[in-house]
Each structure stands twice: as C-alpha cells, then as structure tokens.
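See structure below.
Chain nomenclature is as follows: A, B, C and D, assigned in order of appearance, with residue numbering initiated at 1 for each chain independently.
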Amino acid sequence: ADALARYVIGLGDDALVLSHRLAEWITRAPQLEEDMALANISLDLLGQARTLLTYAGQVQGQGRSEDDLAYLRSEREFTNVQLVEIPNGDFAVTIARQLIFSAYQFELYSALAGAPDATLAALAAKAVKEVDYHRDHAAQWTLRLGDGTELSHARMQAALEATWPYVEELFDPAEIADDLLALPGIAVDPGTLRGGWSDYLRPVLAQATLTEPQPIRRSRGGRRGLHTEHLGHLLADMQSLHRAHPGVRW
Amino acid sequence: ADALARYVIGLGDDALVLSHRLAEWITRAPQLEEDMALANISLDLLGQARTLLTYAGQVQGQGRSEDDLAYLRSEREFTNVQLVEIPNGDFAVTIARQLIFSAYQFELYSALAGAPDATLAALAAKAVKEVDYHRDHAAQWTLRLGDGTELSHARMQAALEATWPYVEELFDPAEIADDLLALPGIAVDPGTLRGGWSDYLRPVLAQATLTEPQPIRRSRGGRRGLHTEHLGHLLADMQSLHRAHPGVRW
Amino acid sequence: AARQAEFDRLIAQDQRIEPRDWMPEGYRKTLIRQIAQHAHSEIIGMQPEGNWITRAPSLRRKAILIAKVQDEAGHGLYLYSAAETLGVDREDLLDQLHTGRQKYSSIFNYPTLSWADMGAIGWLVDGAAIMNQVPLCRCSYGPYGRAMVRVCKEESFHQRQGFEILHTLSHGSPAQHEMAQDAVNRFWWPSLMMFGPPDESSAHTVQSAAWGIKRFSNDELRQRFVDMCVDQARILGLRLPDPDLTWNEQRQHYDFGPIDWSELNRVIRGDGPCNADRMARRVGAHTDGAWVREAASAYAAKHADRSVVAA
Amino acid sequence: AARQAEFDRLIAQDQRIEPRDWMPEGYRKTLIRQIAQHAHSEIIGMQPEGNWITRAPSLRRKAILIAKVQDEAGHGLYLYSAAETLGVDREDLLDQLHTGRQKYSSIFNYPTLSWADMGAIGWLVDGAAIMNQVPLCRCSYGPYGRAMVRVCKEESFHQRQGFEILHTLSHGSPAQHEMAQDAVNRFWWPSLMMFGPPDESSAHTVQSAAWGIKRFSNDELRQRFVDMCVDQARILGLRLPDPDLTWNEQRQHYDFGPIDWSELNRVIRGDGPCNADRMARRVGAHTDGAWVREAASAYAAKHADRSVVAA
C-alpha cells in the first residue's frame, strides 16, 4: 500500500505543480484565447491531481485528504518530476515544457489505462483524452512559434534547449526503481514510453523547423524529493493561506 | 498602551517590509558593491524592525516576541505604509523608493529622538545615523542615474513617477489620527516632517536634472492595514517556513 | 428617413436590431462604448480574483476560482465579438483600453486583500453586475442581448459561489468570520457605486432608455440590490457597514446612507488603489505577448500562401 | 635569470612575493586562475544561501544570514582586488566566469532545499573551505595571503553559525531533526569533493606546492576534515551518511568510504543540478545592471570633466 500511495502521489504531484504553473499565466497570456486555453489545461491537471491525491490518501488509510497532501507536505516530500516545477519563462518555454510533458503524460496514461488497478485505469482512461488536447495545443503553438517569425523561431529553439535537460528524468526507470519492484504490472516502466514520445515529438519539431537538442544527463531525483530551488517558492505561495489557518474548513 | 504598541508596530513594519524588499536584491544587484550596500541597508532596517517589534510586544504585555509579530500576523494586520511594499522594479525604482523613504525616515527619527518615550528616543537617536547613510546612498545614485546616460535619466524619471503616488500617505496626519490623539508628544505629526523632507529632496532632484512629479492623491491606508496586492505575496514567502512549524525554536 | 422610421418601429415594438439593420450613428456609438467598456471590465476583472488563484486554500476552491476567472475571459471574448458586429475590431478596442481612452468598471481598482474578498466579489460585485445586466438581456441590439443571456447565467452561478464562500467563512473560525466581515466592509460601498451616478446626474440614461438599451434607472437598480443584500446578509450572519440601513414601511424598501461620490470620481479619474497596477498588468501582458501574436500571424500567412500555391 | 634567482630565494625562505616583485609567468597565471576561481566561488556561493533569505524562520536568523551573504560579497571583492594586483581586471575576470572559461567551486551547483541547508553549508561547506584556506594565509603571494587571513576569520565565524543552526534543529522537533539529518546527508559527499581529486590524479599540486601556493595535498586536507567532522557530528547528534566510517587505530585517522568521482566530474562539466540556474542568475544580474554601471561611468566622466574645466 505504501508503494502504491507513493507511486500515485508522484503522478498527482506532477499534475498539481504543473497546474499551478499554468494558473500563474492567467491575466498574463499573450492573448485572451490563451488565458482561456492555459486555464483550461490547468483545470484539467488540477482535476487529475485531485483524483490522484484523494486516491493516494485512501490507499494510505490514515485519513489524509487531497488538501492534507497538497498543502501540508514540504518541498522534500513532493515527488513531482523537476520539469513541471521550472518557472514559466517566456511563452515559448511554457509551450516547450507542455509539449514535452503532455506527450509524456499521454504515453503514461495510455499505458495506465490498461493497468490492473481499477482506479488508476479509470482515471487514466478519462484523462488521456484531456491530455491529447493538451499535447495538440502545445504542438500547434510549437509549429506557430517555430515556423513563425525569426524571433519566435529563435525563442522556441532556446526554449527547447532550456527544457531539454529535464527530459531524461521522465524516462529513467532508475528514478522509480522501488515502485517498479513493488508494483509489478501497475507502475509503468517509463523507459517503455520513450518510443511513443519520440514518435510524436519528432515530426512536430521537424515540421516546426526546430532542431531536437542533444540528450543531457542533468540533475534528476524529483521522485525522491530532490528538486530545483524553484519548487520551494511555489509551495510557499500555494500553501501560505492554508497553513495560516490550521484545521479549518474552506 | 494599545495606542503606543500600534504606533510602534507601524514604524517596525515599515522597516521590516522594506528590509525584506532590499534583501530580495541580493545576488541580483548591478554590481557587487551594490549587493553589499543594499544588504547593508537591509540589515540596518531589520535591526530597527527588531527593536521596534520587540518593544511593541513588551508594551502590549501579552508575551508576543518580535517573531510572533513578524511571522504570525496577516496582511490586514500589517500597518506599514504602502511605499515600502511595492515591488523592487528596476534599480531606479528601488533607488527612488529608498530616497523618498529614507529622507522621510530621517525626519521622523530626528523628531522621535527628542521624544519623551525613552525607548523610542534611544532607538531613533541610534537609527538616524544609519538612515543618514541610506539617504545619502540613494541620493548619490539618484545623481548618477539622473545625470548619467539618456537611458538612465529616462528610467530614473519614470521611477519617480511610479513611486510618487505613494508619497502623500507618508505625510498625511489623518492616516494616524488616532495615534496622534492618544499619544500627544510621542507620536510625531507627519505633516510637520514634509518641509525638511522637501528641503532635502529638491536640491538632489534638481542637481540630478530630474523633475519632481506632481503630488497625486493615490490610495493610502497602509497604517490601517489597507495595502497593495503585493504585500500578501511578500508575506506568503516570508512567513512560509515559520508557519509550517508552529511553536518551535530556530 | 425611411430607415430611421423602420428603426424606430422596431424599437417601439421592442424587437431586436440586428447587425445588418440600419441604425442611427448615435445608437451604434453608444452601444460600442457600452459593450467595449463591459468587455474591458470582464478582462480587467480577472485580475483581482487572479491574485488569489495561487493561494486558494483548498484544491476545490482553487478549481472553482480558476474556472470563474476563465469564464470572465470567455465573457470578454464574446462581448468583443458582439462589439465587432458593430464594425470595430478587438485590437482597436484593446488599444483604447490600453491608452486610457475607454474605461472599465471602477470596482476592479480595489485590491483583494484576503481570501474572503473572493466571496465578497462573488456575492456583491457579481450580484450588482447581474442586477445591471439582467435587463440587458432584453437590450434592443440583438448580439449584445444574446451575449448577456449567457453572461448572466454564468454570473449568477458565480454569485452563488461567492455567497457560499462567505457563508463558510462566516460560520468558520473567529479569524475566518472576521475575514468575511472585513471583506464585506470594504466591498459594500464600492458595489453600490457600480450602478453609476444618481439618476439626477446621469448623462446617458434618457437616450439609452429611449433606444431600449437601458431599461431601469441607476437608482432603481441600486435600490433593488440593497433590498436583496439586506436579506442575504442576514443569512450570511454578516453586517452591512451602513448604520443608516433601515426598512422603510412606506416605500417598502430599505433606506440607506449617503454614498461618497467623490470617492467614485477619484477612482474613475485614475487615483484608485489599483488603477496603475491593473493597467500595468494588462498592457504588460499585451506587450510581452506581441511576438507571440506576430508569430501566429506570420505562420497563418505562410500557411495560407502555401495553400494558395498548392491550389 | 637574476630575477628568477631572487624569486626562488624568497620562496625558499618562505618570504612573501609582492605585486611589484618580478615573478615567473607560470606563477602569475596559476595565481590568477586560483584567485579568480576563489572569487567566483564567493559570489556564486551567495546564491544557494540567498535562496533562503526571504524565508528565514526568525528575524535573528534572517539578520545573520543576510550578514553572511554580505560577507561573501565582500570576500569576492577583496579577492578580485588581490587578482587585480597581478595585472588583470575584475571586468575581464567576470567575463571569463560568465562565458564559462573560468570555473567556480562545484559545491554551489547543489540546490538548497530546506532551511537546514543553511546549517549544513555553514558547518560542512564553510568548514571544508576553511580547511582548504587556512594554509593559504601563508601563501607566498602577499596580497592573496593577506586576503585569506581576513576571509578565514569570517569563515570560521560562519562555520560556528552553521553548526549552531544544525544543533538547534537537531535538538528541536522531530521534523526539524529530520530536516537537519537530510541536509547533512545531501551535503556530506559533495563537501568531501571540495578538496579536489585524489592526490594521484591532481594536476596542479606539485608545482603549486613548490611555489608555496599549496601547502598540503588534497587528500591530507580531506582526511583532516573527516576527522574533525566525525567528532562534531557526535555533538550535533547527527549521522554522517557513510557506513564505512570507522576509526583506524593504526593510522590514527578515520577511514571513510569511496568517493563517487564520476559525480564530481559530471557537476564540473556543467550537468550539476543548478549549474544552469546559477549562471543564469549571475549573467542576468550583470546584464540587467549594465545600464546602471554605464550611468555611473558617464556621471563620473562628466564630473571629472567639470573638475578639469574648473581647474
């Protein structure tokens, strides 16, 4: 049960933290349609996070709610991958991060949809449709920015370079070795997702006249609670009000 | 006692919040000397805040420490003037804010140094020397930026326009009418400080080839806990760790 | 003259004017001004609530708040579309907002200083907006009227959510109750000002009424709003910050204290607490996003070219 | 040749080389490289601790932390000054840092993930730095040696503060104790790497020792550090994360486990957790501040002109 809760929390934290980052765009987007689209993706991810954290709390069996898990854990207890916590940067960085992540999440949820864990399978089957839209939205913008103006091309390429160091963490089975061992058939080996991910991304990048960066073995360890220095500040803001009033209802 | 504590907390909050803003510059300053200078001013203000909040806690007589007052009050309970909470902006905005505030604080502490309240008088007598340096530091930079390059002149002038709306609050006796009534001879009528403040600022602006903006009756009410939306985020970050671990020693 | 007669007939019969119909220039201008101001208010109105999204105290409340702010963006979009049926375009209207030539509702120049403000904005600000907007659903100009039907439906949902936030806080911990009361204290008077100046000094009312754009006077709507809020405040367990608030048996309405119109004028003039911040955020987002919009246009142009070449 | 002989004599007699003295080009270059790297480390080293200034959990700790980071800026300044006595200038050295041609200590490429990291950095990182730097106080090059005297004095103050932070946490709540242990777990091995590669593969050691720049080998200093920490960890009530750590009666030293040098090489190569963030912050501050530095120069030039005219 501990292993399952841990695995589910990692997936929930991915969704929660990226939802938060996208919500930071609201009122700051390049056009009104994007305020809406980013809010929409943020909401989808928040919904996924709520389902996952609620489920993790049930699996743990200690009466912890989605809010207990979201608001009362420290930075070292969050187990999202580092990719989702990096700052929004310019719009191109946000799009690059989304493209990488949604394409990964699409493969992951597709695999989970056939998993023997009924709750996870049901969530994944529903969420994969949302994620398909997220992935497409990011791909469309990758095309526009990559094949738009000279400036947008340069920024989109720079955004890929800036986000690529966080790619390896997504697909390294060593990062969740314990889960893979403890949850055979349930936890998805992330190494198996890479093919599908590449198959989706490569034509998008090519059509967008962008160059795929070299793989980089940058830092990793988000699944073990090792993060960039950015996550702590995100959580400080996110948890501030909840922590200031312990134990009340909202 | 309530009135005295309230008055002292307002002064302490000014110092605490501005100290925090200046500390945000560290590792981001235009040159190493400024990392040091801004840290230095930040430290002086933090020292003043600690003395003032400690004193306020004693006056209240409910056993509240400087940390209780700094870390466990909400945004609506902070009574700093709005000027000190506005974001750092570019270096010119930081300098404009500092020039306005330090020149004000210099007059205020000079007046308090002769006040019948021994603790306040002692603090003010010591702090006024620090503030004299802060004021001079800001004035020197105002000269350099105002009379430097075309770009720096434009930015410094824009910075004055951006910060000037927060000036009126400093000198309006109505903002602390209750304190003035309850603490005759102790609370300083801020209206009386304006002459000295202007006498200091005007020649600096003139020498810096800058134009003093028109007075603007913008929002005020910091002393009554009415703030800009910026203070809440500052406090969220500042109080996050302290609130996450209630009641422990650090 | 025949066209004018036809227009007058439609108005007299309470029928809808549609984009392809002839309309007097004054009617068109009045509508553009009003719809644009309304659209601007929706998008500037995203900011005060946007300020609390990252700090929402539960995931459920966070989801509701994001959805609400998203709805406001949506309202902005279809109001701009309604304005475009009158022969202007969104880019021009945004430009008029950004350069200060068109206004947005002054209520959004007040800061949100606590979570309870999310409740007060929903209950009072959206409540006042609905009161203003429900009659607009019958506005003589078709596209505006139809847009308002959709807007009002969502707004009334938002108002209930705001009420619920305040209700929960009011019946929560003492600190939460105080937070709720404080929010109501700060937003009550500005909400009353949302109905505009008193009838005797309202410039546009008479002509707008004749044109079927405005169906109730500012003071009528304000009174209706006060009457509604007094009852609801009782359920909330919160005080409205007006000592003069009393039931007038004769009028069958609540009397209320005098409104500080100088405050409203000051805020409209630009000296409200947040005018500068609101505009800085809006113009900043637009300016920072210019390269993205340009890329999208350039891409669309290339793409269109290619299709043409291919054809 | 006579100058070389005089230089050799001074070195042999353990006397100081001063800026105006002749010195071999290799000596000068080695010193510039080392002092610059040291200066760069001080200013990049401000970042991991700077990350917690705004969140320091008490006002007292906040003041101490700001003062510490300020000291590091000061160390950077006088180390750049010491380097300048060798005929380079700060702007060039910064440029070499910003373009990646000169390095800084890899330890600062690890993130600070909790408040306890302020303790671990003080205790372990500053502790290791002192161990490295105390011998440098007797460095043959005068300005460097004298700068190091001041640096070491302040560093040992910092180390005591770090120790005290950890001590308080370790004896505080269970969550605080865990925070302290976690910080030590993360910083222990990187601290051992601060002494550089093992002696058998250290490129610069022999020549530097002959020149009186380096007085102890990497492995000697590392051993000394381990011995010191084991005792202090006991007082702290914290474990060092090395199962092989045992007292060796024969060597009269603690044995310790193998160091993962591939990790160090990876971080040096640029793939550490924070390399990109550290450089982005540093280059960003420098670039964003260019207009300010230019204004200061322009002002100084005008001012100088005027004095000349007046004279």
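By our rule, a contact is a pair of C-beta atoms (placed from the backbone, for glycine too) under 8 Å apart; a residue touches a chain by one contact, two chains touch by 3 or more.
Please read these numbers as outputs of a predicted model, since none were measured by experiment.
Chains that count as touching both chain A and chain D, per the definition above, are B.
Put simply, the chain farthest from chain D by mean CA position is C. Distance between chain centres (mean CA atoms), chain C to chain D: 57 Å.
Rounded to whole angstrom, the centroid-to-centroid distance between chain A and chain C, based on C-alpha atoms, equals 35 Å. As a whole-number value, the distance joining the C-alpha centres of chain A and chain B reads 41 Å. Counting partners per residue, chain A has 74, 236-237, 240-241 as the residues that reach two or more other chains. Contacts with at least two other chains are made by residues 55 of chain C. The touch graph of these protein chains has some other shape, matching none of line, ring, star or complete. Here, these are the chain pairs in contact: A-B, A-C, A-D, B-C, B-D.
Those residues of chain A lying in contact with chain C across their complex are 16, 20, 23-24, 26-36, 39-40, 42-43, 46-47, 49-50, 53, 66-67, 70-71, 90-91, 143-145, 147-149, 151-152, 155, 237-238, 240-242, 245, 248-250. The touching residues of chain A, when paired with chain D in their complex, are 74-76, 162, 165, 216-219, 221, 225-229, 232, 236.
Those residues of chain D whose C-beta lies close enough to touch chain B in the complex are 43, 46-47, 50, 53-63, 66-67, 69-70, 73-74, 76-77, 80, 115, 168, 172-173, 175-176, 281-282, 284-285, 288-300, 302. Across the interface of their complex, chain B is touched by residues 74, 233, 235-237, 239-241, 243-244, 246 of chain A. Every residue of chain D that touches chain A in the complex is listed here, in rising order: 48, 51, 55, 111-114, 179, 182, 266, 271-274, 276-277.
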